[in-house]
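Multiple structures follow.
In the two complexes below, subunit A is the common chain; its partner is subunit B in one and subunit C in the other.
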Partner chain A sequence: MTAPVLEIRDLHLAFPLGRSLADLIARRPGRAVRALNGIDLDLRRGETLGIVGESGCGKSTLARAIVRLYRPTSGTVRFDGDDVFATGNRRDRTYNRRVQMMFQDPYSSLNPRMTCGQILTEALSVHQMRPPAEIPARVAELLDLVRLPQDAAGKLPHEFSGGQRQRIAIARALAVEPEVLIADELVSALDVSVQAQVVNLLLELQERLDLTILFVAHDLRLVRHVSNRVAVIYLGRIVEIGDSESLFAAPLHPYSQALLSAAPSLDPTDRGRGARLQGELPSPLNIPPGCPFHLRCPRATDICRKTRPDLRSVAARGEVACHHAEEIALNG
Partner chain B sequence: MTETTLSLPKSRSRLGLALRRPGFLLGAAIIGFSTLLALFPGLFAPYDPNFIDYTAVGQPPSAAHPFGTDMLGRDAFSRVIWAYRINMQMAILATVFALVIGVTVGALVGYYRGVADMIFGRFVDAIITFPFLVLVIAVVAVLGPGLINMYIAITLVGWVYYARLMRAEIIGQMGNDYAAAGLVMGYSDRRIIFRHLLPNAITPVIVYWMTDMALAILLGSSLGYLGLGAQPPQAEWGVLIAEGRNFITTAWWLSLMPGIAIVLTGLGFSLLGDAMADLLRPRG
Partner chain C sequence: MTRDTILEVRNLTTTFTRAGRVLPAVRDVSFSLGRGEVLGLVGESGSGKSVTLRSILGLSRHYGTVTGEVLWKGRDIAPMSERQLRTVRGREIAMIFQEPMSSLNPLLTVGLQLTEVLKAHTDLGRTERRKRAVEMLDHVGIPSAAARLDDYPHQFSGGMRQRVMIAIALAARPELLLADEPTTALDVTIQAQILDLILGLAREYDMGVLLVTHDLGVVAQTCDRVAVMYAGRIVEEAPVAPLLSDPRHPYTMGLMRSVPEGVAPRTSLYSVPGTPPALDALPMGCAFAPRCPSASAQCSAADPALSRLAPGRLAACHHPVSLAKGDAA
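Presenting the complex of A and B:
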């Protein structure tokens, strides 16, 4: 097994809400949205790791924390062994160059007053990817790479469709020749037909450029199509991580089961497998004790209400955070 | 699997659209002509504004003196025209420094937030609580009357309004992913603020600037009227109105004509600001 490019250890991130008057009177600390609660994750070189979960589970927060848009409350993110949040590394631009991100909203991720060419030129010249004289040629090359016509360079973002804009965003990320790409809901704002184009382009580029991709999405079929491995996140914790095929074929965590069974399938024999989820996602302001999933879990027992299960290898099929995983692995 | 881009017919450029608007045309015409008068008053004024003609004191409007003459026999028409020089200069000098300071401070506190932003917020609250004119008069009272001190006073108070607007706009723009993308790209704060956020955030500030120029003329004339701004015998609209005040029942035109000049220029700046809002809005 190759060494991981990104090592995330026990990552916590809470957004404080400020202390209310009631908090002050009761002398308790202010409340906080606990978005990430101990994420452990390795991103292996060359793989595509899918991150799935409900809205509000912390997928995007994780993606943004990795590229240092948010500062974690505790825990580490190591890139090639270097802690990216260490004081000496905070302003280090090489990390920004080597780990790039693409955003969900194609309408807000490009500066509306800069042409596509200016956007790409800026990335190239700030990071001095090419001598100034070669930059126009490189811009043309990048446009080619993401299959945009050459006259796109002179156009402003509003002259493009959503899919084209996401391709500009991909080109911008690729301009600095990164090793890791974080795709945060890259295509969820696009039409299905355009989604396929953009995703297939991304996969093709991954192969040609030897990229490692963290693919955050809520569309399970898309993640299955794209990823080698998949991590399922629930309330800021990974509840199951494993090989994409086996996880989708036989999920071991009751939450993964419920999540997968909620996704529409074209296979008629697939229908109705697993339990429908009861209840709402608990508020990240107030995470239940014990297993965070026990309030909604059809298999919850006493131990689930008391002790939080840790992520552990189960039946050589990946890692699961559930007290009953062995049982599930045996009996389905 | 086709991607087509729908776009409006290209023939209508933004300027073209703006030119169709009567408001824009009128505003541009007024401000354009006012600027001409301010730059070359000698070409339009029939007399020297300070030439005292004792043979023509307190005359009503006539062919020789369209706005009449004042009690020293100076031609009121020439004085109103020469006042354009001072009053148009007011529109620029009383606002441009406030604009630059306000935009810079607002952009910085909006971007960095933190303690500086909190202090800025309280400071703005304190300034805005006072009526603008009262504060400016207080500053002029300390510095002493005169045009330069008046510009300093208006700038000291006025920048706050630009900064407040700019700060809010920058914070709004920060919510867009292109700002996040700039951070992920490792761009410097300066680049993100001035190349990315500022061009997208400045439109409302420019529009406010246009209306503020009208307000600056009004404020400058008020201070001139009160004796705190331009000093007689300098021809300035506020001063002219003050000079005519004592004869308002017998020679009302002495005060009315500079008043009309103030209203017209103010209208011009407002109309132009309105059109500017449409011109500068990014499309898409």
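Presenting the complex of A and C:
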């Protein structure tokens, strides 16, 4: 197996809240939203790793921390072996180029006052990808690559549909010839038929350009379709990670099971099937002790209330953070 | 099984005019809904499904021109004045929206917003109203309901706010609920809870539901019957199971096929070629013809009428798909 492109180790990220009056009186430090609580993750070269979880679980925070939009509280992210948060790293700007992010909202992620051509030119010149004279030709190539017509270069973002805007976002990311793409809900705002077009394009470009993709999305069907491996996140921790097909076919963590069974099936005869998950995601301000999922878990026992399970290999089917995983693997 | 029809929409057309451009958002839409029935209105953004819903309750006429009939228990409510409509809105027909934060008043407590509805639509006294408000919150699954009456909307999570919206909508025991993408902003786990809740309440009160959604999974799990909209028109209507297993309109078929299910992972997904037409530049004839795999000269000449293919099955297509049941879809 090749060495991972990105190695994330014990990543923690907390957003501190101001100290409230109550905190001052009690002479305690202010509280913090604990978004990431010890993420260990390897991104293997050439794979698509899907990240799923409910809103607020930390999946977007993880994506943003990887591209250094947020600075983690502790832990490391290594790219090709180099710590990307180490100060004075010579390869600093290179990292920005080699790992590119694409965002969910095609309306706010493109500068409304720059034409599509200017947007692509900016990316090319900031990273000095081409001598100035060759830039227009490269812009034309990029438009071709994402199948936008050549006259798109002269148009402003508002002249494009949502699907076309996401193509521009993809072209902008690819302009700097990255190795890793971080797609944070890239197609979530699009209608299904347009979604299919953009996903097809992404998979085709991945093949052609040998890209590694971290695909963050809440649409489980879509994640299953594009991913080689999938990680399920709950309250800032990975609770299960494994091969996409086997994880979707037979999830081992009770949370993964509940999450997958909540996705509405296209078969009307499936109605009322699958256990409903009770309650909501606890606040990341106040994470329960023991297993963070025990309050909503149908299998919770004493040990779950006391000890937090670590992520460990179970039955050669992936890694699971659940005290009862072996039992589940055995008996379903 | 036939149920009494409570709502019948006939030839509903809603047109907006913006900067001199005429935008026909809803074109000649007709359908009916039985008591206690759940009808899904499905389509992509801009297909006119939300405008249809709003036009039923007279919310679109402030911005555009609405023609056609909206027969509510036999009485046309489309031409009614705002004053007359008030006896129907909220009391007999209630509506819930996609974004629970922007449809609740952030400055008023949840209890006040609930009792306000009861004050307007029922004869209950002050203490009874409060009691009913607690009952409603309890009913929609809000823990320690009595204690939460005095909380403001921002003190609730997204899923809880949508529950509050439903409690407010159902407080006056309406006979019809218009739900505009009620779960789109929610996580799948919460979505499943909210859909269960709406269906449970519909069954309990024998309430009709008109559910607008773009999610075919939600349709499969909740609706009795489905109408598919494209460019402002209903292009297909059928009971849910046959619609999903055996779509007859090429657009419905395209929608079904673009859902990544039953497709080998990481292979190319089917996608309907092209994009939906702009409303002020609708093509001649069938609006779907330029994107349709089975379009013929006839399709660009004449817009097909929504016609009956089989009992309960309608499609507006010159060349309806006939796919044998059991074929790989």
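FYI, the second predicted complex is superposed on the first by the 321 of 332 C-alpha atoms of A that agree within 3 Å, B and C clash if a C-alpha of one lies under 4 Å from a C-alpha of the other, contacts with A are read in each partner's own complex, and residues count from 1 in each chain.
Simple rule for what comes next: contacts are C-beta pairs under 8 Å (C-beta built on N, C-alpha and C of every residue); 3 or more make two chains touch, one makes a residue touch a chain.
Quick caveat, the model's predicted, so the values are computed rather than measured.
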Touched partner set for A:97, first subunit B, second subunit C, both or neither: first
First, second, both or neither for A:245, with subunit B first and subunit C second: second
Touching partner for A:161 - first (subunit B), second (subunit C), both, neither: both
Subunit B versus subunit C as contact partner of A:110, first or second or both or neither: first
Subunit B versus subunit C as contact partner of A:200, first or second or both or neither: second
Touching partner for A:234 - first (subunit B), second (subunit C), both, neither: neither
Which of subunit B and subunit C A:176 touches, first, second, both or neither: first
Which of subunit B and subunit C A:225 touches, first, second, both or neither: second
Touched partner set for A:293, first subunit B, second subunit C, both or neither: neither
Residues on subunit A lying within both footprints (that of subunit B and that of subunit C): 161, 163, 193-194, 196-197
Sites on subunit A touched by subunit B in the complex: 64, 67-69, 93, 95-97, 100-101, 103-105, 108-114, 122-123, 126-127, 156-161, 163-164, 169, 172, 176, 193-194, 196-197
Interface residues, subunit A side, partner subunit C - complex: 48, 54-55, 161, 163, 191-197, 199-200, 203-204, 218, 220-222, 224-228, 244-245, 258-259, 262-271, 276-277, 280-281
Contacting residues of subunit C [partner subunit A, same complex]: 44-45, 157-160, 187-193, 195-196, 214-218, 220-221, 240-241, 244, 254-256, 258-261, 263, 265-266, 268-272, 275
Footprint of subunit A on subunit B - complex, ascending: 1, 3-5, 7, 175-178, 180-181, 183-187, 191, 195-196, 199-200, 282-284
